[in-house]
Amino acid sequence: MTSQCVTVRVQSEDFDQAVETALLTKGRTDIGAVATFSGLCRGEGETLTALELEHYPGMAESEIETVTNEAMKRWPIDGLTVIHRYGKILPGEQIVLVIATSKHRDAAFDGARYVMDFLKTNAPFWKKEHRADGDDSNWVDAREEDEQAKARWE
Amino acid sequence: MTSQCVTVRVQSEDFDQAVETALLTKGRTDIGAVATFSGLCRGEGETLTALELEHYPGMAESEIETVTNEAMKRWPIDGLTVIHRYGKILPGEQIVLVIATSKHRDAAFDGARYVMDFLKTNAPFWKKEHRADGDDSNWVDAREEDEQAKARWE
Amino acid sequence: MAGVDTKLVYFSWVRERVGKGEERIILPEEISTVMELLLWLKQRDESFAAALEFPEIIRVALDQEHAEHTDKIGTPREIAIFPPMTGG
Amino acid sequence: MAGVDTKLVYFSWVRERVGKGEERIILPEEISTVMELLLWLKQRDESFAAALEFPEIIRVALDQEHAEHTDKIGTPREIAIFPPMTGG
């Protein structure tokens, strides 16, 4: 295994955090820190029956790669895995996974959070709500907090 | 399951991150974010054959609980699990696990990192090195960076 | 740039309001910047008027790269038009 | 505080240097603060002199709670003495 390894996947299938973590850490003794973030679909008090994620094929992957490349430049990260799903996702199911590994915890934490912050505002994905009351017309609004979160890295 | 759940364990046995995550998230649809940190034993270029972790029984648990309570007060965290091992740990093996769940990612990330930063300097654990050259007398020095990391939360 | 045959792609509620996911158009010669393109599209018909009612919030990508509203369009093969992103 | 029978516990290289994990002592009357305790222990014998060579870096817990060197000792049942922690 090389000393730096970046994986970016955009897929409709679910993923297994334990499998992805093992791919980054198995057989290695130089990694001291693994920071992981997973984003789940919320049911919003049972008002939602599902989220439908639309994406821009090609650009979704390349935007995430731009973010991971920047993270690898900024911090001494050994491995970085980003998986983002599209399609219909039910409450409680996984939407996104970021894993960053490093010798020390600061690089792992910073790397994972940086990727999430930029992915939120730069990667071309859009969430549509399927509501329990039958209304399937509402698209989730972008959050001002997400723009602010990105700004803290500048 | 209650809406806030904190688990603190100090044990010699290994742990399974996937099992611990499922305990916090399974059957729930109100969690949007899961931030996880695991700390692994590094081999330091094969100069180490193991780390031996000594701890102060009782105080180790209560210091971690103090930190988790403070994190739960500071951020809207739904679930928080901290597991810290003691005894002999081989390179590549897991030493510590922190999982924080929340509605949004900022609380999950902040909570997990806060717990790690305070655990590093406040929880009574000490690491002794078993070296490949047979020298088993060296205790790991506390890192100045760890004191600084704690200071960023003040 | 001017008079070039270009693929336009639409996403999310922009796609729903314009009523199609993609189309090919000939970019008029007078259009130079991203904002000029949005304003020109907006006056094409009622669907585009609804989709691009607030052009300042609409995002544009030229050949799959984010562009500012003041950027020159150049001669991309593909122009994407969409609302602020909500992934992650 | 003074003349009280107290359990002392040692960890890590402090434990190794003093040559034991715990002991019971009678705290002398004149010892009031944590630092005074460390300085008194340091002059007990060569082992303690080695363990507490730099008392300013040594940490102390009173009944399993961290204490500052300037804190009054009070009447704890258990006093722990150890180097800076390196967990996590």
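Think of it as A, B, C and D in the order they're written, each chain with its own count starting at 1.
To be clear about the criterion, a residue touches a chain if its C-beta (ideal position, glycine included) is under 8 Å from a C-beta of that chain, and two chains touch if they have at least 3 such contacts.
Please read these numbers as outputs of a predicted model, since none were measured by experiment.
Ranked by separation of Cα centres from chain A, the top chain is D.
The geometric centre of chain B is 27 Å away from that of chain D, both derived from CA atoms.
Rounded to a whole number, the gap between the C-alpha centres of chain A and chain B is 23 angstrom.
We define each chain's centre as the mean of its Cα atoms; on that basis chain A and chain D are separated by 48 Å. Among the residues of chain D, those touching two or more other chains are numbered 88. Within chain B, contacts with two or more other chains are made by residues 39, 105, 116.
This structure has the following touching chain pairs: A-B, A-C, B-D.
Those residues of chain A whose C-beta lies close enough to touch chain C in the complex are 39, 53-56, 58-60, 62-63, 84, 95-96, 116, 119-128, 139-143, 146.
Residues of chain B touching chain A in their complex: 17-18, 21, 25, 27-43, 45-46, 91-92, 103-106, 108-109, 112-113, 116, 145, 149.
By the touch criterion stated above, chain C contacts chain A in their complex at residues 9, 11-13, 61, 64-66, 80, 82-88.
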